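Everything on this sheet refers to the single structure shown next.
Chain naming follows the written order as A, B, C, D, E and F, and within any one chain the residues start at number 1.
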Amino acid sequence: MPLLYITRKEHFNAAHQLWNPKISDEENFTLFGKCANPNFHGHNFDLFVCVKGQPDPDTGLVMDLKKLKIIIREQVIDDLDHQNMNIDVPWLKDKMPSIENISVAIWNRIAPHLPVGVALHKITLWETQNNFVEYFGDQAE
Amino acid sequence: MPLLYITRKEHFNAAHQLWNPKISDEENFTLFGKCANPNFHGHNFDLFVCVKGQPDPDTGLVMDLKKLKIIIREQVIDDLDHQNMNIDVPWLKDKMPSIENISVAIWNRIAPHLPVGVALHKITLWETQNNFVEYFGDQAE
Amino acid sequence: MPLLYITRKEHFNAAHQLWNPKISDEENFTLFGKCANPNFHGHNFDLFVCVKGQPDPDTGLVMDLKKLKIIIREQVIDDLDHQNMNIDVPWLKDKMPSIENISVAIWNRIAPHLPVGVALHKITLWETQNNFVEYFGDQAE
Amino acid sequence: MPLLYITRKEHFNAAHQLWNPKISDEENFTLFGKCANPNFHGHNFDLFVCVKGQPDPDTGLVMDLKKLKIIIREQVIDDLDHQNMNIDVPWLKDKMPSIENISVAIWNRIAPHLPVGVALHKITLWETQNNFVEYFGDQAE
Amino acid sequence: MPLLYITRKEHFNAAHQLWNPKISDEENFTLFGKCANPNFHGHNFDLFVCVKGQPDPDTGLVMDLKKLKIIIREQVIDDLDHQNMNIDVPWLKDKMPSIENISVAIWNRIAPHLPVGVALHKITLWETQNNFVEYFGDQAE
Amino acid sequence: MPLLYITRKEHFNAAHQLWNPKISDEENFTLFGKCANPNFHGHNFDLFVCVKGQPDPDTGLVMDLKKLKIIIREQVIDDLDHQNMNIDVPWLKDKMPSIENISVAIWNRIAPHLPVGVALHKITLWETQNNFVEYFGDQAE
């Protein structure tokens, strides 16, 4: 059977701030620039969740995309949309809310909920129209 | 001479919250929904500034777009980008930071700085990929 | 008070066919080309609904966009999405489902449901990435 | 010589329906939701065909993109554009027209026609702005 | 009968340079910046042609879009695509190829070819993703 | 530590011509079509630079994107933007300026400037909305 990759896009709007309390204000502004501004800023985030598997012979589908949509919304979007990612989200607590760390956390939220025979392949998170991050669940060697 | 409309796009990322302190918490959530969340949320805003005029016979240009870019950045973007529009922006002080009110404020920031012979025609402000506001400088009758 | 125009985007996926039963098959293919193919074809339609009004002094909003979304979905999207516009939609019955005619029909579906003080300004309907129609409620002279 | 991947985008508009005649109506609507609607619906499909190879030293090109465009149009677009994928397309006969199955069929249509030294690498098929499928010609283990 | 506006998008890729031979090199670079570079630069131009009219009662169409496409390609695209707009295009001869002047010239190329009952309404020309010009056929007062 | 891929988008507008001086005019037009036109044509190029690495425990970042932006602009954009790629760019001298060859040259310009612990993963270069090339630094076998 052929192996296919299918992707669902969702989006959320949220506030965040990049700030490390262990270092000085000046070092924070050097490291994070405008992203360190104290009263937060925000973005329209586009999230792409890619899963892989083989199409079911009876339906032609790797996975029911309505179910994938529900998993993404229940596990991720409902917690992040119109929220402050430094303050409001239990599963981002004590994490720097960079798109790198958010992507890894989103992977961990979604992977356990996929049906048998379907594997999470990639999380892609766009922060602006000019930058995005991809995570395949891999560890650096 | 022909009359032309020329538009320059800029963008900024900012946080805001829709909240009216004169009414109850419950009424705020009824009116503004998720936009009332207390710790702010944010967006990638796309701003289009449209001016009109006739092309200069020697340059073929209604206006030097580099100069329009500088006006937009100095009068608007530098104050809004990576800021909190409820707290950080003097010219939004005491205004509900809805895209309607922000657009009118942006019009008033830019109009006085245009060169002779060029008139501000329209401010367009996209908040998400699904909603935007347009302001032509008109008053309701 | 300033006059503002605010737009909400929704989308639907539907099938249609351009075919005039009063003329010959040959004339239909001459007039409509591939759009006359007998077993239907379809599109992802993007619908933009633009209303105008003045922002409420207490909320800063011309209109609650959640309410506009509900009006568009109840009056238009729920009837069109994943349907065949030649067969399934009572309010398109006996109309050629061109984007011109669909736009006028959408105007007539939405206009009566807007709140007091808000007027429908424009319906924009994209059929493909290369063509769209706009309707302002005007009659040709 | 460097190995490069080059992609050409084409698009087509078509109708389809997801429906398995071997199961009950109720099961079909449970499995496929609105996609099971009996009179078809449709989409604007964006198709990306990615090939790999090394640039020719004399032309700097992996492959003449005009030739790739002609292959895609002759083998795929001419058969699918403005057609009903459940009824009109011989090479989709007896296949559930899910984007998974369509992508595999498109791979098999294009792969035999590429010039020597150029290999098909990936078929990407967008059905809506929110979902797409990728196929690399691999079999599931 | 309702009045509708219908728009067709085409695109072309071309080179140009902004340079006024009546003034000094230094003044040219001051006026036009990088756009004055002597060996030309280029863009992917997106052209939107908007016409207005009433839908034909038999077809539901303001105008056959295939015919509008042919007019745009014959009158405009075939002359501009993959050409140098300072050198190769007779109807831009002795004109500064700013998007303002190109838009007026495109208006004059297309307007005489529209069928009876259909009027040209607007030419929109995007030069980059950040700037575009609109022309309605009006003269400045 | 997780391995992440982060991408920054920049763009430039440039002119080029595909022309091989070692073969006849007729052969050039057969090989390159409109791209061989003698007075150049141009494009808005979108460049995506993807790097990989692990997020720093203190910042949550694989790499400071402001630094990546500066590297791309200093090594690539400043040399290409509003230039003629056949004439003006020393590091493209004697190379056919196809997007394949430009991408390999961009890889070689950027790779030596990345900080320790961050590796260049992919160069993606869009020439038009319909074609793009990807290069991973690999050699064909």
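Going forward, a contact is a pair of C-beta atoms (placed from the backbone, for glycine too) under 8 Å apart; a residue touches a chain by one contact, two chains touch by 3 or more.
None of the values given here were measured: they were computed from a predicted structure.
A.B. asks: Can you list every chain in contact with both subunit A and subunit F?
C.D. replies: D
A.B. asks: If you walk from chain to touching chain, how few steps can bring you from subunit D to subunit E?
C.D. replies: Minimum step count, subunit D to subunit E: 2.
A.B. asks: Just give me the whole-number Å value for how far the CA centre of subunit B lies from that of subunit D.
C.D. replies: Distance between chain centres: 42 Å.
A.B. asks: With chain centres defined as C-alpha means, what is the inter-centre distance between subunit A and subunit B in Å?
C.D. replies: About 29 Å separates the centre of subunit A from that of subunit B.
A.B. asks: Specify, in ascending order, the residues of subunit C that touch 2 or more different other chains.
C.D. replies: Answer for subunit C, listing residues that touch two or more other chains: 129.
A.B. asks: Could you list each pair of chains that touch one another?
C.D. replies: A-B, A-D, A-F, B-C, B-E, C-D, C-E, D-F, E-F
A.B. asks: Which of the residues in subunit C end up touching subunit B in this complex?
C.D. replies: Listed in rising order, the residues of subunit C that touch subunit B are 1-10, 50, 53-55, 58-62, 64-66.
A.B. asks: Can you list the residues on subunit B that touch subunit C in the complex?
C.D. replies: 18, 20, 22-23, 31-33, 95-101, 103-104, 129-140
A.B. asks: Can you name the residues of subunit C that touch subunit D in the complex?
C.D. replies: Going through subunit C, the ones touching subunit D are 11, 13-16, 34-35, 37, 39-44, 81-84, 86-88, 128-129.
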